[in-house]
Amino acid sequence: MNKQELKELLDKVSSGQISCDEALSVIRTEPYEDLGFAKVDHHRGVRQGAAEVIYGAGKTSEQIEKITVSMLNHGESSVLITRMSSDAADFLKNSVPLKYDTLSKIGIAGEVPQNNNIGNIVIASGGTSDIPVAEEAALTAEFYGNKVSRLYDVGVSGIHRLMDNIDVISNAKVIIAVAGMEGALASVIGGVADCPVIAVPTSVGYGANFGGLSALLSMLNSCASGVSVVNIDNGFGAGYLANMINKIGE
Amino acid sequence: MNKQELKELLDKVSSGQISCDEALSVIRTEPYEDLGFAKVDHHRGVRQGAAEVIYGAGKTSEQIEKITVSMLNHGESSVLITRMSSDAADFLKNSVPLKYDTLSKIGIAGEVPQNNNIGNIVIASGGTSDIPVAEEAALTAEFYGNKVSRLYDVGVSGIHRLMDNIDVISNAKVIIAVAGMEGALASVIGGVADCPVIAVPTSVGYGANFGGLSALLSMLNSCASGVSVVNIDNGFGAGYLANMINKIGE
Amino acid sequence: MNKQELKELLDKVSSGQISCDEALSVIRTEPYEDLGFAKVDHHRGVRQGAAEVIYGAGKTSEQIEKITVSMLNHGESSVLITRMSSDAADFLKNSVPLKYDTLSKIGIAGEVPQNNNIGNIVIASGGTSDIPVAEEAALTAEFYGNKVSRLYDVGVSGIHRLMDNIDVISNAKVIIAVAGMEGALASVIGGVADCPVIAVPTSVGYGANFGGLSALLSMLNSCASGVSVVNIDNGFGAGYLANMINKIGE
Amino acid sequence: MNKQELKELLDKVSSGQISCDEALSVIRTEPYEDLGFAKVDHHRGVRQGAAEVIYGAGKTSEQIEKITVSMLNHGESSVLITRMSSDAADFLKNSVPLKYDTLSKIGIAGEVPQNNNIGNIVIASGGTSDIPVAEEAALTAEFYGNKVSRLYDVGVSGIHRLMDNIDVISNAKVIIAVAGMEGALASVIGGVADCPVIAVPTSVGYGANFGGLSALLSMLNSCASGVSVVNIDNGFGAGYLANMINKIGE
Amino acid sequence: MNKQELKELLDKVSSGQISCDEALSVIRTEPYEDLGFAKVDHHRGVRQGAAEVIYGAGKTSEQIEKITVSMLNHGESSVLITRMSSDAADFLKNSVPLKYDTLSKIGIAGEVPQNNNIGNIVIASGGTSDIPVAEEAALTAEFYGNKVSRLYDVGVSGIHRLMDNIDVISNAKVIIAVAGMEGALASVIGGVADCPVIAVPTSVGYGANFGGLSALLSMLNSCASGVSVVNIDNGFGAGYLANMINKIGE
Amino acid sequence: MNKQELKELLDKVSSGQISCDEALSVIRTEPYEDLGFAKVDHHRGVRQGAAEVIYGAGKTSEQIEKITVSMLNHGESSVLITRMSSDAADFLKNSVPLKYDTLSKIGIAGEVPQNNNIGNIVIASGGTSDIPVAEEAALTAEFYGNKVSRLYDVGVSGIHRLMDNIDVISNAKVIIAVAGMEGALASVIGGVADCPVIAVPTSVGYGANFGGLSALLSMLNSCASGVSVVNIDNGFGAGYLANMINKIGE
Amino acid sequence: MNKQELKELLDKVSSGQISCDEALSVIRTEPYEDLGFAKVDHHRGVRQGAAEVIYGAGKTSEQIEKITVSMLNHGESSVLITRMSSDAADFLKNSVPLKYDTLSKIGIAGEVPQNNNIGNIVIASGGTSDIPVAEEAALTAEFYGNKVSRLYDVGVSGIHRLMDNIDVISNAKVIIAVAGMEGALASVIGGVADCPVIAVPTSVGYGANFGGLSALLSMLNSCASGVSVVNIDNGFGAGYLANMINKIGE
Amino acid sequence: MNKQELKELLDKVSSGQISCDEALSVIRTEPYEDLGFAKVDHHRGVRQGAAEVIYGAGKTSEQIEKITVSMLNHGESSVLITRMSSDAADFLKNSVPLKYDTLSKIGIAGEVPQNNNIGNIVIASGGTSDIPVAEEAALTAEFYGNKVSRLYDVGVSGIHRLMDNIDVISNAKVIIAVAGMEGALASVIGGVADCPVIAVPTSVGYGANFGGLSALLSMLNSCASGVSVVNIDNGFGAGYLANMINKIGE
């Protein structure tokens, strides 16, 4: 049930077509379906303006399938699945239409949503190894209809590669900065941009990067204003938040 | 120099009133004044849409005064100073008009900006001890003309206090969640809101909070979507980012 | 030897049927059997009111078998084995009757104890991936005869799923809250329940969860009263402690 | 409003003396009083069976006074205040009757509750320096009417001091083990007791104790069953939980 | 060259049989053989009273073989090899006589040294899973001719198992306490013994043991006197040091 | 009661002068005196061959005085007090004879024990700032009658200062290596000595020494054999253990 | 484009052969080639005096090949590839001439550069297991034409092995000290050398080395002057920096 | 004794003016003077080409004075003292000529060395609060006769401030990059410079900077080549190393 559907329901109440109790009962019973191992939330469309997403890691192929099918059966036209193994994708393809990207491990079940090219989200990555995380962010943002510009391999060790793209940065409505190692990309972009910057530390690196800790701390301590941080390797979280911000004012 | 002033300069170039080189020279020489110990950035109004802010911690009263005066002399009508001791505030009052808030340690030199009541930023805090950080965020946001709604002491150990204010949360354009200890407030708000949530971990607590680490990790691992995190106790950063997001679409 | 048997022995001493020294010798020689690599404790039934449990991790199939057989031969009717690989379970089935649960990796050798449906232990989990730990707790509690109610996938990012089950929580005598990521579930439950809450952080998550550290710190810093914490992923410990608490007053 | 008062209110509804709406309005408006900096929760007596407690650290003397007075004015006969400085205690004594303990920094405002000597809570501490935390636990438990037995300075480096008190441990309904340094006390007690053990790590020690981390990790990894852990130095939390457990079955 | 041989050489100098320079040249050229990837130290018998030991981890089978052969060719009758994979052991058996223990991964090349049953080293372990580390210590101590008494599975969760062996502990000249999880064994033994206790934390455990950190910190913070600590899982180091201490006064 | 006194008591039992029960009662009642806040252990002379020591940190002057007097009244001729503030020392001097060293903060109450010049303990320190910890070790060892040789300021950055004293190191029976910063002293000494080396990391340093963590980890990972480690800044523990080792074979 | 080529270009500008704009356009368009997943930097020869290096870890064989070919096609005569798997090396050999070293995982594509035997870089390693990292440094330095002297297995536990090579150390222009475990080698060399020492901590070790943290902290806290540190296992970084330093003054 | 003096001594040996033994005796007895608490190293001028420096932190005013006087009496014309409190400086001025800088806490006793303006060391700092550390580096480098260029307050949040000084960076022989918070300055400078960059993390910042850890990790993980790192706040170490590098080739 999306906001429009909810609004129609409430209009019927307002006009006396259905009683308040009937409306409440419809809304209240809808929120989620209990699959035993998961409570699938069909109400999120109302509550947060976007259909629920399935976090594939730590779930069996069978669990992913059941949740996906439950969602599609409750009116979702498409479902985003993150961190899905290629094995799980192969399994899922037997039951539902699925588009799967091996690099970012993102799958889209059901219809691929139309891209509405809303606003402009710039996704910059420090190095080649950060691209899987950057793509997780990019595909998530595109799933929700946003226009995405990719600026890959513009890490600070060759600052001119970034400076040559200063116009791309200037035209962004929100920027996602994806970087491992020392994570300085977020600060440098934050210093030249005048829009919100979402920093995504990655676990790329070795030794004293301690699984992404170095980039994480670096980004949290950014001396540039307008920068906030999501979890290490959390491309989805950044893409989802960028979508939220990008659509403000549409 | 703000965007408007820059635009006028460029119009003169366009119409041939001044040459391109003259314009470049004006822009290029303006960016900062070198005080020796600091390079004051007068160009930020152009580059990022907001005047520079003085981070007062670790600066002497004399340094703060010199930077403030330099800014006011270069056309800023008001300057925001964060983490300023009351001693520094007393010192500064001798030179410039200053409004100082002892709780958040924020000072505003020059004219107090008019609040334009733009959008709606909700600032929620977990407990009474988190209020100084929450106020740093609130005063920063108000400095830039945003409308701010305060929801203090709504921590998750009494979840009904938060639930009773669900309408305030629903009407927010962006929410700042300030919490120490276990930092769960961000996840709970992130689960019910459908706007961006900026999480500010605080160092409030003791023992295994390790100076704010517990709240920081908790917020970074939030299972709610749309949540991003700034540094521990960084109320200013949250307020500044909230201002950026809130003004999108104005 | 259980408490009843011990009491009968001491009655015989009291009535002069056997001498004090004979009794002491019986008790003293019984405590454990030395298998070389392990000292099997047959006295725990007296000392702690529950038969010893075998922690299967880090033990070979042969070691598990020898300890199990030693216990069954000394009068235990059933033995609980935790963290047992399916290989070890297959091996053990050759020697003794065994019921094995692949999800929680718990095995019960000998007779499956009758469930006496004592009290009410509620086990809540944040997400689908936390279920193996939650089931380790649940099966442990059921092994000792407790009634267990499961509330799975009620994490705080969709707080209404938890709120809809507020009556289940209100009727609990003790609650086990199992959650990874930010571990906020314990605080939220602790805030609405008026019984002891045992929090189990899990290693579910990635990046800055640092193997369960985020949930652990979050739970230790809970601002709700009545919450205590066991080791990361320690479902058994929570189930065992819940059993102890639940049976007080029976 | 306690459970009894709530029950009477609902009985009136049931018998038609007051309408359902009137009752709801009474309950709903009662939960908390908003002091601006704090939302004082007067409903906790219903929700959790114990009046709210004031955590004094990080609050000004004035804030503590206002919250205390608000509580006493709403029908609480006595209020427990933890981590209150002696200065705050002196300030508070001007407004309300107060009993203050300098060692544990606990204050009781209003009437000192009658001790009902319910059950038996044993509080054991490793060394002399752990006593302030142990007393915080003890006074909290006594505030709620529990009988408390103190076993101080029984650390494991002189295990016979503990073993000489094995009968005290055997008769406990719940035990609180307070220890700094290596925190082994919890495991040793957990190994001989057959009741729940609440472990409280303290920050006592130096060097590699890292502010209580050594005792905390030690207690979380206890190989004894039935042990759970609260935050470093959290005597109040342990005393409150012990009260909850001790009263089960009363 | 051992101390006796060195003494004879110096006697010859003293009596004028050889010149000082000749003697120096003999000693100086002897210390080590350079294999390119390793400088094999044949002088250690003089310098430290015990032949060099090969740390097998991180060395190829070929490297281990070359170092072993170099040592045996320079007059060592037996060589101790620690942390050697069974593959490396199989490889080495082709060249030299080898006795290999799969549990502790210790190999002895050349003659197995005669055990002189010197003094008494007690090795206590907390649980069954700690035995590989305990055996590394035991076999090392026996290699150097010490008498070793093993006390396995006497962890503090069943303190009576340890107390029943108090006489074994009383008769020790030095004790090695091997334990994972909370590592409390070292403190308890340190509290009842009056000889040096070498504590070996192990990585046995899970969750908040953080690879042995919990036992390490616990042992470093031991409140018992006479306890010192070696690296996590360093059975060899403990056995070698126990040998040094045990032989003082022989 | 020391070993000699205990032996005489048991001889009386053996010869029938007193009954076994009388002897037991004497021994059993002696172990400790309960001062309420402390259980003073008068039996340690029997159990561990050395009188109890008072750890002064975290105890009030009054507590230290009461414990000291209790010990002197129970037959101890001298008592060692560590980490005692100069204020506590001044207070204590009113009641008992006291010798106090301001550098190491060690006090000796009662008679200063005669130094028997047993064996040879070498105490080496890396720098001038490590001397307080080194002196805590030295005075402790001298208290128990050991001969101590001091080698101060011989850190590895000027390795020749250490090498010039190679004969001092060669003649030691046990060596205590005290060092902060990188703590390399322990490894270098361990590589040239053929006796046990007790490493004491100190908190001397700044930045990435993290309160002594760098020296601690360095010493635990020493590639030299025969090295073990005590807590950061634990000079007493090292001196006590060195005494134990030094006296083996006397 | 190297410095010489750039100079010739600028000379042409100076003499009017080409316009400033043409020159700028040549320089500006040259910097990098965009392969989509990577921006290959052909300008580094100008900017930093050394051709770009390919960091092989985290790149597919195909990506490495494309970048290598792009570089060779743009005028590089040889390309250094670090952390390349042997599979990637086999793949790359199909397209370009490649010399591959399995120990250090370094590959050189194109012509092997002539070694000009410039200066003298000494590379010392603590143990046999550190050699792969040491060789990464050595081959990098040799790639750029430096003379390299290897001193392997000279760890501080046998300080005489290092002291015997004091002349090698005295003649170095820059020294690279590679060590795991306690990392003391850097301090000892720093204390005797009078040239810059680049310390490379390695992850060699176990237990409390925490993946190289012990050596890293040790080296950062070195009490010897003239020592700086690169990332754990970063042999390339050390070799590259040594090359920079070594060539100063050539 | 400096290199020149040593050379003259050896020339006398070579020409037979003094015997080899006499020369050795002079050299050997000179190395250090033992003050009891410190072994003052007068030989460092020979061994490392620079007089010893006194690290003032953790030393009493009296100790600093004695070491300084000892050095000046042994032929040093000037002595560098770091981290000296102003109290110690006042004390020292009574005995020796002293120039003291309050910002960096550096003192120069004896003659202020002539600055020879050798080479060019650039010292860049991120912010105003990093200046004390930067000045410690600058004054150290100037003490040894180097020319120093200061670039303060050029942090990456305003990258144009750094880019405007690209020519200063291009002309450096070695650069010291001093920065706290996210420490990105080192990477950005490392990416544009073609000389060695010494990175100095500072403890400037708050919250998740954890006392300089964020900048330290960031700098260690720098993706720019040619960057190495010294301890947090270690301005002296950077200045000393820069001096070493700068003088290569003079």
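For clarity, chains are labelled A, B, C, D, E, F, G and H in written order, and residue numbers in each chain start from 1.
The rule is short, and it goes like this: contacts are C-beta pairs under 8 Å (C-beta built on N, C-alpha and C of every residue); 3 or more make two chains touch, one makes a residue touch a chain.
Just so it is clear, the structure is predicted and the values come from calculations on it, not from any experiment.
Chemist: For the copies subunit B and subunit H, give the interface type as same if over half of its residue numbers appear on both sides, and as different if under half do.
Modeler: Counting which numbers both chains contribute, under half are shared, so the two copies meet through different residues.
Chemist: Decide which interface, F-G or A-B, involves more C-beta pairs in contact, and give its chain pair.
Modeler: F-G
Chemist: Between subunit C and subunit F, what's the gap in Å when you average each chain's C-alpha atoms?
Modeler: The computed centroid separation for subunit C versus subunit F comes out at 43 Å.
Chemist: From the mean C-alpha coordinate of subunit A to that of subunit C, what's the distance rounded to whole Å?
Modeler: Distance between chain centres, rounded to whole Å: 39 Å.
Chemist: Touching at least two other chains at once: which residues of subunit D meet that condition?
Modeler: Within subunit D, the residues that touch at least two other chains are 158, 160, 192, 207-210, 213, 216, 220-221, 225, 231-232.
Chemist: Mind giving me all the chain pairs that touch?
Modeler: Every pair of chains in contact is listed here: A-B, A-C, A-G, A-H, B-C, B-D, B-H, C-D, C-E, D-E, D-F, E-F, E-G, F-G, F-H, G-H.
Chemist: Considering the complex alone, what residue numbers of subunit F touch subunit E?
Modeler: 47-50, 53, 173, 192-196, 198, 216, 220-221, 225-232, 236-238, 240-241, 244-245, 248-250
Chemist: Once bound in the complex, which stretches of subunit F touch subunit G?
Modeler: Residues 126-127, 155-160, 163, 181-184, 187-188, 190-192, 205, 207-210, 213-215, 217-225.
Chemist: What residues of subunit A sit close enough to touch subunit C in their complex?
Modeler: On the subunit A side, the touching residues are 31-32, 36-39, 41, 43-44, 57-59, 63, 201, 203, 211-213, 216, 231-234.
Chemist: Where on subunit A does subunit G make contact in their complex?
Modeler: Those in contact with subunit G are residues 128-129, 131, 152-154, 158, 160-161, 164, 204, 206-210.
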